[in-house]
Every structure is written in structure tokens, then in C-alpha cells.
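Both of the next two complexes hold subunit A, though its partner changes from subunit B to subunit C.
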Partner chain A sequence: MKLVKLLGGTAIIALAAGAASAQTELSLWYHGAGSANAEEALVNQLVDDFNASQSDWKVVIETFPQLAYNDAVGAAALANELPDILDVDGPVMPNWAWAGYMQPLGIDEAKFEGYLPGPIGRWDGEVFSVGLWDAAVALTTRKSTLDKYGIRVPSLDAPWSREEFDGALSAIAASGDFEYPLDLGMAWAGEWYPYAFSPLLQSFGGDIIDRSTYQTAEGILNGDAAIEFGEWWQGLFQSGYVPGTSQDAADRETGLVSGKYAMSWNGNWAALPVIEAFGDDALFLPAPDFGNGGVIGAASWQFGISATSENPEGARAFIEYMLDDKWFAAFSDGTGLIPTTASAATMTQNYAPGGPLEVFYGLSEAQALVRPVTPGYIVQAKVFEKALADIANGADVADTLDAAVDEINEDIQANQGYGH
Partner chain B sequence: MASKLTQSNRAGWLFAAPGVALMTLFIILPFFLAFAFSLTNQRLASPNPTEYVGFENYSDLLGLAIFTLEPERDEGGEVLRDDDGEIEYPRLRNFTRNNPDYPNLQGKREWFSWQSGENRTVILASDVVFMKALINTFTFVLFVAPIQAGFALCLALLINQKLRGINIFRTVFFMPVVVSIVVVSLLWQFIYSPGDGLLNNVLSGLTFGLWEPRDWLGNTATALPSIMAMSIWQGVGFHMVIWLSGLQTISPTLYEAAEIEGSNKWQTFRYVTWPGLRNTAVLILIVITMQAFALFAQIDVMTSGGPLDSTQVLVFQAVERGYGKQDISGGSTISVILFVIVLIISLIQRYLTRER
Partner chain C sequence: MASVTPDNRGLRLATRYAVLILVAIIFVFPLLFMVMSSLKPSAQLLLDTKSLRAFLPVGDLSFDNYTAAFDRAPIGVFVFNSVLVTGLTVVLTLFVCSLAGFAFVFLEWTGKTIIFSILLATLIIPYETIFIPLLLMASQLPWIGAGGFEIGWLNTYRVQIIPFIADALTIFLFVQYFKDLPRELIEASRVEGASWWTIYRRVVMPLSGPVIATAAILKFLFMYNQYLWPLMVVQEEAIRPVMVGLGYFTDQLNVPWGEVMAYLTIITVPVLAFYLSLQRVFIASVASTGVKG
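What follows is the complex of A and B.
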């Protein structure tokens, strides 16, 4: 009897040990250390649930602050120490894929049916990354504000024209009720500029680069449409309609709610506090149509498999596990971001029919355009950011855009066309 | 000399070994790598093979051209003037962009220009941002090195007294040095905040509301001076301590002798203190100059080189190109140029302050 007990006990210990060692470890790098919302906690929960759901793989998460994340990945790639699973910002993915940091997901494309276009990261005809959410930008304001100045409430079918938009700005500015009629978020230097402002340029008819070849920006970023956009952009600052590049970051966060600004060009991740403050009075308006339809940016952070992963099938299993309406909905509820599928949207608090952010799903579907899908984007984004900041600060529009074009083209040449 | 270093000095070399090894690994080796990279098209991450490009990176940064713009004339040869009476010139982009007649101007941009008669003479640069960074860096050094050194000396003289609680002052003056420069930069960003920032508020209070709030970091005229002021405040404590150590090596007997001779305070400083500080002064001058050339964190945190490149500096540009734009060769080239500049200036300083 005693012997049986002993044997049984040994067997249990052996079993437990066996279970632990049978799980192969997969490393996952994630960019959102200390994120303000529930994203980080949800990623941890996702990993825990995956580890508990099967006995082959054990994902071990390592979290980085966003500012240091891309550098860390670059350094790890040079040192040949990339993790198995990478978290990657949508527009950066082509660069990492081209540089050989990532491999195609190898997940059947049928799985992506019904997904918004933004969360699917394609490069060179293959899917390299996929996201659980997308982000969208809207002109955030209050219905009462528009009513007060007799401004029409635009819709997706009938967005503001340039005249209407400019008219609204000058009407609000003339009233003197606000410090600025519009807040563009100039305090958010970095990726916000190309993400939020290149769609305005695209609506004018320009772009950062010629998307048919991805080999030149000549005539696209410094063509007539782009120069017209630049003049308009500079005018916003010269007329005092928007705060400039030295905007206080705290004002960016709270200016709309505290009444400093009448409107704010802001993402859906910042929408929940606005709804809390204004309730039904809050409005999320589509981008104005400057001649070529209203456009907003697309693609947020996504997950992919590193090129050097020894266990790509495990990484694939993890990514397939997370591609589930349950997780899309959970992340959306936790962060306010847009769930990747319409079916998940109906499960969320904010994007379900009648939900307070439902409008963003429509915006994303109708107006979203991904940023240029090219490995050179990371350079082009920086060049574009500087050009817009300089024009806002009064630099000559045509000369500045010319210089930006030259820099982008030189970079493309230096990289032998970036493999297009 | 060589024999002294090599013979029966094993212990000395052993003691120096860790330092020498680390410096070789992290300073000397990277420098030679930077020089090698600057002659190639090395990228941070790229599947393309690295190629030798000679001095192309240097000519891309340093290329200059001079060009005379002639005014627009009507059919009668009269100079065209705009509504304000200013002479109208053709746009420079007509000459610098895809103009086969002016291949030497291709891709260059206006750096600065001046009027000479009816014509306008324009200096064009291949890389205007780099040129501005170069000028800003020199401006920064020219102001910061003497002001910070002088200010540090005044503080050192003040705290080199036997007063009750003098250690409190020493601690207070030294405190900014201990705080991370990134934290200091973030705090000063609040201080310089436009509209109702701390500095604007204080100035407005002191002038009973007469002060017009300024956008300190958002204005091309005040951005660099604002960063200079902050950098001096942050770094002055460190050099104060070095001055202080210099002051305390001066023998008290010299002061006593001076007192007996009846010298006044200024004479004591001029003929006793200052000569005694000679070596300290040389050290401080060289250290501050080198530190000022390495200006980076303040720019990165506070302005990113803006507005309109008024705070671009060399190290920031090197990092921005090397990592931000993945152009390691471009960043390396700037580093090498910076090294040569600092080396030359240090040699000049050594020569001027040599023992005669």
C-alpha cells in the first residue's frame, strides 16, 4: 500500500515535470510597457490563456517601452537574437520584412476574410503580420459647438468640402470663444504626423510617394496638389487656427474637454474620455474632402513571426489562437480601438450598433488608406514629418517639399529601390 | 619614455588593463569603424551588400556652390518689382532641379544669400540641415564654454569660504548635475512652455503683467538660447567642483603673504588665485568644449532640431541619420567630421595654453 502511494506520488511528480518540459518556450516581444490603457494587461492575459489552452508551447512575454522598442528589435536583429514572435507597427513591417527580420505568417488567407484592410500587413504579395485592432482618426467636436456657429454636421456620404471646413474654422476663430478652433496634435511629434496628416495631403491629390512604383516622390510630394496642400497647411498656422509645433503635450490631451479648442483631429483611442465628458453631445466627424475624397490613416500594431524563429509553427499557433472575435472584442473593450472584424464589433460595448464609437468602424471602412507600403517608409515618414513641421513654422512651401522629395529619392536610390 | 612605460612596469599595465580594454572596445574601435563606414554606403538594416563609395558621403555633406541670381526683366530690360518695390527673382528651384544647364546646382538648396546691386548672390549647400547644425553647434560652444566656465568659477569662489552651512549651498549648486539630463530637459520644457509656462508666469508677475508670453522653444530666435541657458544651469555644478578642487590646492600661505603685502581682493585674485588655477582652467576649458560639442539629449527631448532647424546640432543629426533614417554611413560621416573639429580645437587650445 505504502509502495503504491509512493509510486503514485512519483508518477504525479514525473507527470508534472513532463508537462512542464513538453512545452517549448516561445519568446514574444511587445512594445507597450506602461501603456495607459488595458492593452498591456490584455496581452498578458492572451499569453496566459494560450499557454493554458495547449501543452506544446509556452509563450514568454518580454515588454518594452514603445520609444525603445524599434531600436531594440534592430539591435537584436544585428545580434541575431530576435524573439520568435514580434509586435510590429503596421507601416514599419515592410521594412522589417525586407531587411530579413520577419517571415511570412503562413496562415491561410481564408482566415482573413471579413477583416478590415488596415490590420492585415502585406509585403511582396504575402501576409507578414496581422493585428487584433485598427485605429481611426476623426474630427472630434461637440454638436452644440457646431450648432452655435451654424455649421452643418457632415456625414460620411457628405463630408465637409474644403470651403466648408475653412469656413467653419474662420467662424469659430472670429467668435473668440476658443483659444484655437482646431487642435491638430502638433505636440505629438513622430509617427503621428505621417499617420494623421498625410491623409490630408492625399485628399488634396498628393501623396508621400508615387505608389505605382514606390521609386520616386517627384511630382507627387512636390506637385501642384501637394503645393496647394502645403499652402493651405501653412495658412492654418498663419491664421492662428491651430496651435503650432510647440504645443503643450498636456493641452493636446485635455484641450478639447477643457474648452481650449473647439475641434480636435484625434484618434479613437482618445475618444472615450470625450464621450465621458460630453455624452451625446460628442461628435466624431469624417475627414473633410479636399477634392479627392476624405481620407484617414490605417494600420496599427500587429503581430508577426521573426525570420530566425526556430519554432515558426509554434509562433503561428499563437497568432492563430489570437485571431478570434473574442480577443478582438476584448482588446476593443479594453482600449477603445476598432476590432478587426464586423462580427467582433457587434460583441463590443463601443462598436456594437448604437454604441458610442460605432461611427469609427464606418470611418475605417470608408476612408482608411494605409501608409505607403514600402521598406523606405520609415525614412519617408521622418522626412515628411520634418517638412510639415517646417512648413507650419513658416518655411517656403515649394522649397521645403522639393528638399523632402530629394531626400526621399536619394534614400530610395541608396537602397537600390528597396526591392520593389 | 618608452623604456619607462615598458620595463618593470607590469603592475602598472595590469592596473591600466581594464580601462584600456574598455576604452579600446567602446571608444577606439567604434571610432575606426565609424571612419570605415563613412567611406561606404553601410545601412543599419538592409539585405543589400555594403559598397565602398569613397568620399561621396563627405561631398554630400560638405558640398557648396555659389550662384548669382539675376532679376526678372520685362521685354524692355527693366527690372521687375513686386508691389512692395522688392526686386523679383526667378525661383531658385528652376536652376537646382533637373536643369541640364546647371549640373553643379542639382539637388542643392539655398543656405543663405545677400544682395549685391540688382543681383542676389546665393550660397547653396548640398546639405543645408548639416550646415545649420554645424553653425548651431559652434554657436552653442562659443556661448556655453566661456559662460559656463566663468559662472562655475564665480560659484566656486562663493562656496570656497568657511561659512556655517556652506555644504548646503554646495549640495544645492551641485544637484542639477546629479539629475538625469533627460529629466532636466523634460522639466525645463514645462518651464519654457508657451502661454502659461512657469517662466512666462514669473516674468509676467515680475513686470506686473507687462510681459508678453513667449513661445521660448517654438521661436527660431529664442530656441537655441533657451537650450543654452538650461544647459549652463545643468552643467555648471560639475565644473564648479573642479574649480573648487583647484582653489583648494592653492597654498594658504600665498594668501597670507598677499595679505601681509596689503593686496586688495582683486589683486589677490589676479596675482594669487588665477595663476594658481592655470592648470584647472585648461582642463575646464577643454572639458566644457568637448561636452558642448556633444550636445544631444536636450535637443532630442525638447525640440528635435526645430523650429526651422534653429536647434539642429551635429550629434543629433548623426543619431537622427544613423538610427532614425537607418543611414549608418551618413551618421558615421558626421561623427568623423565632429571628431576632426574637436581634435583641431583641442590642439589649438593646448597650443595656446602651453607652458611657456
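What follows is the complex of A and C.
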């Protein structure tokens, strides 16, 4: 009898101990497999730290190659196999939220006070995703280059006007010192186009879509401002100021440093090699003001909770855990991207006051505009990319933009307005 | 009829060789480009594409791309998965489809003609159109395994294998081939008292080397090149195949072309090895069976 009691007691203790130590598993899907940078290692470290910090939840990460990630999420949603936590590209998030893949974070908005606008993913009045970093684009060049041609160094308070920018390109081109005065990064395709070039259109006064209703692009993507932008855009290529869509990818990587280009429209992720090459001579300039203020793109990859998560409170706990200056700074130091808050920026190597990339935080703060916040964006982005490439290659500006508007509007109608 | 003189025979030979060399170049140069590019840094690789240097082992050559490719992705795991999935599917396909072909050709049963017609009709259905319903089915199928009864086949090897075992094209190939086998052999075997299983195993299949080789090569290539299906049904890295692994070599803006070429070279090796091994089987089977067209 004693033996039975002993065994029974042992079993109860073992069960109790097991229950105490059992963590409910939360699945997390991450898009960066094979990215060969520090980001994946940091995500793993974040997960390990979270798992060790409490006893309720255990996040299990599954990584996907970025090329396949969105399709894999779409397939998993169909099969009702979504994970608890998803990472999502900022401009794609409204589509996933609208399609029912994601649920609101349910985190107090006060938590996001002081955040840059880009890392907060809002849809339909609620926050669905949040990021630990943002990215920014700048006109990268050398002070000595501008001095040589008598070009004013612009600032956030006084960016170049269109006339100044065109004048700078013209002066550099006339010198014959460079193969091209400006590199726009035409060797990059896909999301680079709406991310990097739609801000130029917005600065002219146009946009990809009418943001007041998100129901039409008519008069916005093909209005007077957009046509003016299109003609200016086409003129850059026709004047030989920028390499075209057949630009060599290797030139995109090294053209500025090797002296092939005088200026480059590029992101903060490419800034450190420029500083290494040019030292104090390197300049990161704000976007020119083409009439409606200087604009750059915003929003990068973020984290959210899937709509089918059986443990949203666990997923929320993980996301709240990562919303900490410590992690913002760690990711920034590891990847070179912009930390989400100013307080985290002060903790970083690159974005602290006097840091080599400090200027990018200011650019993000002052000029960033998120891409159209609509589920239709994923279609609109592709239409915009094709239109800009066609115009760069000599297509009629008005006809091309009209066709793009028709395609976007038809898609919106086919999707019953995308829930706006 | 013109007579064949030594002169025009030489001309014909030269023309034949010229055509064959041209065809060989068309087939070999892409492979040559891939292998040579895998040894060059990305910047040089892109510059070389503007000239014939792209096909030559010139410039700064090294195995750095291979090292980087292995650092970037678990290539060994992907190759193992693809070889396992492809190998099992090929073997099971040959068995199931040859049995089906045997039944269509040699056995008499009601509805044979109409079922064969329906089977052939499925050939015109694009593979992609049935992906979504197939995915939904796979996510709800039951299974009894080591872990007991479970629902859902996603994230398993079986979901990459079983849906592709029976296919109309392979059955059609076997049917067409079996139809040309000498009926006397089958009838003689029946007279000798052989069962249908014995005839299938001891008479028909040993004579079917060419169609087995053809069906195996086609199935191997189809399975080894699978991208969309495993992308949709497999989420775990541990059971991902090689083609999905190619995605590890692109990010939002950059493609490390040298590493891509190194990866492609590595994953092409099993395909070439399989093809060359079956090529020998193919020739041997034709020679040994004495089957004449």
C-alpha cells in the first residue's frame, strides 16, 4: 500500500512539475531564410530570449525564402494552417488583414508613442502589425562633387527645388566627368519601384491612388501632376542623365563608389560602404521638393498575429516583448536599418547623435510617407512598376498612365472596393 | 538517282558534323555558362555576359560561391529531400502506372474503354488549375502513422509523393508500349498456366526497359523540378526540396548570381547522374530484350 501511495505521489508531483514547466508552443513564420545577414540571427536571438523570459509560451520559428513567403502564407491561409505570428511587409499588411489572414494586435496605442510612422501597420483604424525598424532612401553623393560644380548642399529644411535638382543634373552631365549624373537603381525591379519612385510622383502632387477614398486612381495617377512627373521622369532617360532599365546590377552596387555615377538614389542599407569609401566627403541628401514637399518611402517588414491563432494572447505577449528599445537598437546595430524610436536611435552605433547614419533617422522622421494603405496595393504596385518602366523606355506618358489607371480601377471594382 | 562519290560523301559527313556540333553547342553552352559562372565573383560574372568570356574559365576563379551557397542554405538537406521524394515517386509511379497500363491492355473488364478515355481527357487539364482544390484536400486527408490517427497531410513527405504517383501520361506511355508487345508471348504464358501477376512480373516488365526508362526520366524531371506544390504544402525547412531552396538566393533587391550558379550546378548533378545512368539502362534493355520496332 505504501508503495502504491509512493508511486501515486510521485506521479502527481511529476505531472505537476510537467504542467509548471510546459510552455504552449507558438509558431512564427519569418521571411528571411538565406538572407545571409544578421537579421535572421537576431530574430532567433529574440525568440530564444523571449522563450527564456517566461514559462507560458514557447515561440518556434520557421523560416522561408523571401521569394516564396507571400505565396506560402496565401496557401497556408487557404488550408487553415497559418501560424500564430506572421512577419509581413508593411505595404502588404492591409491585403492580409482585409483577406482575413490577420487580426488586430490588441496592444494599447500608447505603446506606439514616439514611433516613426513607417513601422506601425494600420488598417481600418486598427494596428495590425508593428516593426522593429524602418528604412529610408537618400540622394547619396560627395560634397566635393557638389562643390566642384557649384551646387548648393540641400538640407531637410531647404531641399533642392525641381529647378535646382535639374540644374545639378545638367551641370554634372555637361562636365562629362561621369557616365551618368544620377543612378536611380533601375537594375532593381519589383517593390523598389513603388518604394523609391512613387515618392517622387507624390512630391509632384500625384499618387498611385486617391487616398481619400482608395476607390480610384483617376485624376491622381493620370492627372496633370502625374503627367508632369511622367514627362520629367522620361526626360531623365532621354537626356542621358540616368541609366535605363537595362542597367547592370553590378553598376548599381558599385557605380557611385567607382566614379561611374555622381549621385545615387539609394537606401540606408547601402550607406556604410559609401562612408567607408568617401569618409567625411559622403553626403546623404533629402529628396528634392518637386512642389509638394520632399517625400521618401516608409515601412519595412513587421510582425502581426494571424487571424486563426488559437493563442493570440501568447502572440501578443511575444510582440509586446520585442517592442523594446533594447531590441530596436540591437536590430539596428546588426542590420544597419533605422530603429523604430528616437530613444533607441541614441543607443545605436550608427544613428546616435553624431553617428554616421544619423541623417537617415531625420529623413525618415521628416519626409517618410507610407505607400497606399489599401489591400489593392499589391496589384497597384505592379501596375505602377510596369508603367514607370514603360515610360522610361519611351512609351507615351499620358497613354501609359491612363492604361495604368484603368487597370487599377478595374481591379478595385473586381474586388468590390477592397473593403474601404 | 545521283551516285554517291567520295567527294559528296565527305561533304555530307562534314555537313552532318557541322549540324551536330551546332546542336551540341546549343545544348552544352547553357550548362557551360552555369558552371563557369559559378566560379566567378558576381560582378565579373555580369560583365562577362557581354562576351564569350561568359563560357570560358577566365578571370578571378574560385570556389567561394560554393562556400557561400552552403553557408546560405542547407543544400544537403534540400538535395536529400528532392532525391528521396523524386526517387520514391518514380519507383511507385512505375509500379502503379505499369500495372494500370497492363490492366488496360491485357485484361478484359467492363468500362475499360470509357475509363481510359476519361483518363486521357485529364491530360488536357492544366496542372495549376487543380492546385487549390488539391491543397484543400491534402489539408483534410486522414492518416494513420507512428503518432496515431491524424488529419492533414501538409508538412510531410507523403504530400509531396502520393498525389503524383498515378498520372495519365505515364499510364498512356505504358499502354502504348504494351500494345506493341508480341501477343503470342502473353498467350503462350497463359497456355502454360502463368497467372496475370506472373506474366506482368516475368514476361511484360522485363521486355519494357525502354518505356520504363522513358517514363522514369519524364517523371524524375517533373518531380525534381517541382516548385509550386512543395511551396504551398511544405512549411518546414527540414523537408523542403531543391527548387524551393532556390528562393534562398534572392532577397528584395539583390541576387547573388555567383551563388545562384553554384547552387544550380550542385542541384543539376543528381539530374545528370540519373539521366546518364538510365541512358545506359535504356540501351542495355533494347539490346537484351531483342524487341524490334
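Note that in this section the second predicted complex is superposed on the first by the 399 of 420 C-alpha atoms of A that agree within 3 Å, B and C clash if a C-alpha of one lies under 4 Å from a C-alpha of the other, contacts with A are read in each partner's own complex, and residues count from 1 in each chain.
Keep this in mind: a residue touches a chain if its C-beta (ideal position, glycine included) is under 8 Å from a C-beta of that chain, and two chains touch if they have at least 3 such contacts.
Since this is a predicted model, take the numbers as computed values, not measurements.
J.: With subunit A superposed, do subunit B and subunit C clash or fit?
T.: Aligned on subunit A, subunit B and subunit C clash with each other.
J.: Who does A:Asp411 touch here: subunit B (first), subunit C (second), both, or neither?
T.: In the superposition, A:Asp411 touches subunit B alone.
J.: Output check: A:Asp248 vs subunit B and subunit C. Expected answer is one of first, second, both, neither. What do you get?
T.: both
J.: Would you check which partner chain A:Thr63 touches, where first means subunit B only, second means subunit C only, and both and neither mean what they say?
T.: In the superposition, A:Thr63 touches subunit C alone.
J.: A:Ala77 in the overlay: touching subunit B, subunit C, both, or neither? Say first, second, both or neither.
T.: In the superposition, A:Ala77 contacts subunit B only.
J.: Once the structures are superposed on A, label A:Gly394 by its partner contacts, choosing first (subunit B), second (subunit C), both or neither.
T.: The answer is first: A:Gly394 touches subunit B but not subunit C.
J.: Return first, second, both or neither, reflecting whether A:Ala52 touches subunit B, subunit C, both chains, or no partner chain.
T.: Neither subunit B nor subunit C is touched by A:Ala52.
J.: Is A:Trp98 touching anything from subunit B or subunit C once the two structures are fitted on A? First, second, both or neither.
T.: In the superposition, A:Trp98 touches subunit B alone.
J.: A:Ala110 in the overlay: touching subunit B, subunit C, both, or neither? Say first, second, both or neither.
T.: After superposition on chain A, A:Ala110 lies in contact with neither partner.
J.: In the superposed arrangement, what residues of subunit A touch both subunit B and subunit C?
T.: Correct list for subunit A: 71, 78, 248.
J.: Which stretch or stretches of subunit A touch subunit C in the complex?
T.: Subunit A residues touching subunit C: 29, 32-36, 62-68, 71-72, 75-76, 78-81, 188, 190-192, 248-250, 253-254.
J.: Would you pull the subunit B residues touching subunit A in the complex into a rising list?
T.: 41, 43-48, 91-93, 96-97, 107, 109-110, 128, 193-195, 197, 215, 217-218, 220, 304, 306-309, 320, 323-327
J.: Which positions of subunit C touch subunit A when the two form their complex?
T.: Within the complex, subunit C contacts subunit A at residues 42-43, 46-47, 68, 71-73, 132, 135-136, 138-139, 152, 154, 228, 231-233, 235-237, 244-257.
J.: Along subunit A, where are the residues that touch subunit B in the complex?
T.: 71, 74, 77-78, 95-96, 98-101, 189, 244-246, 248, 378-379, 382, 389-390, 393-395, 398-399, 402-403, 406, 410-411, 414-416, 419
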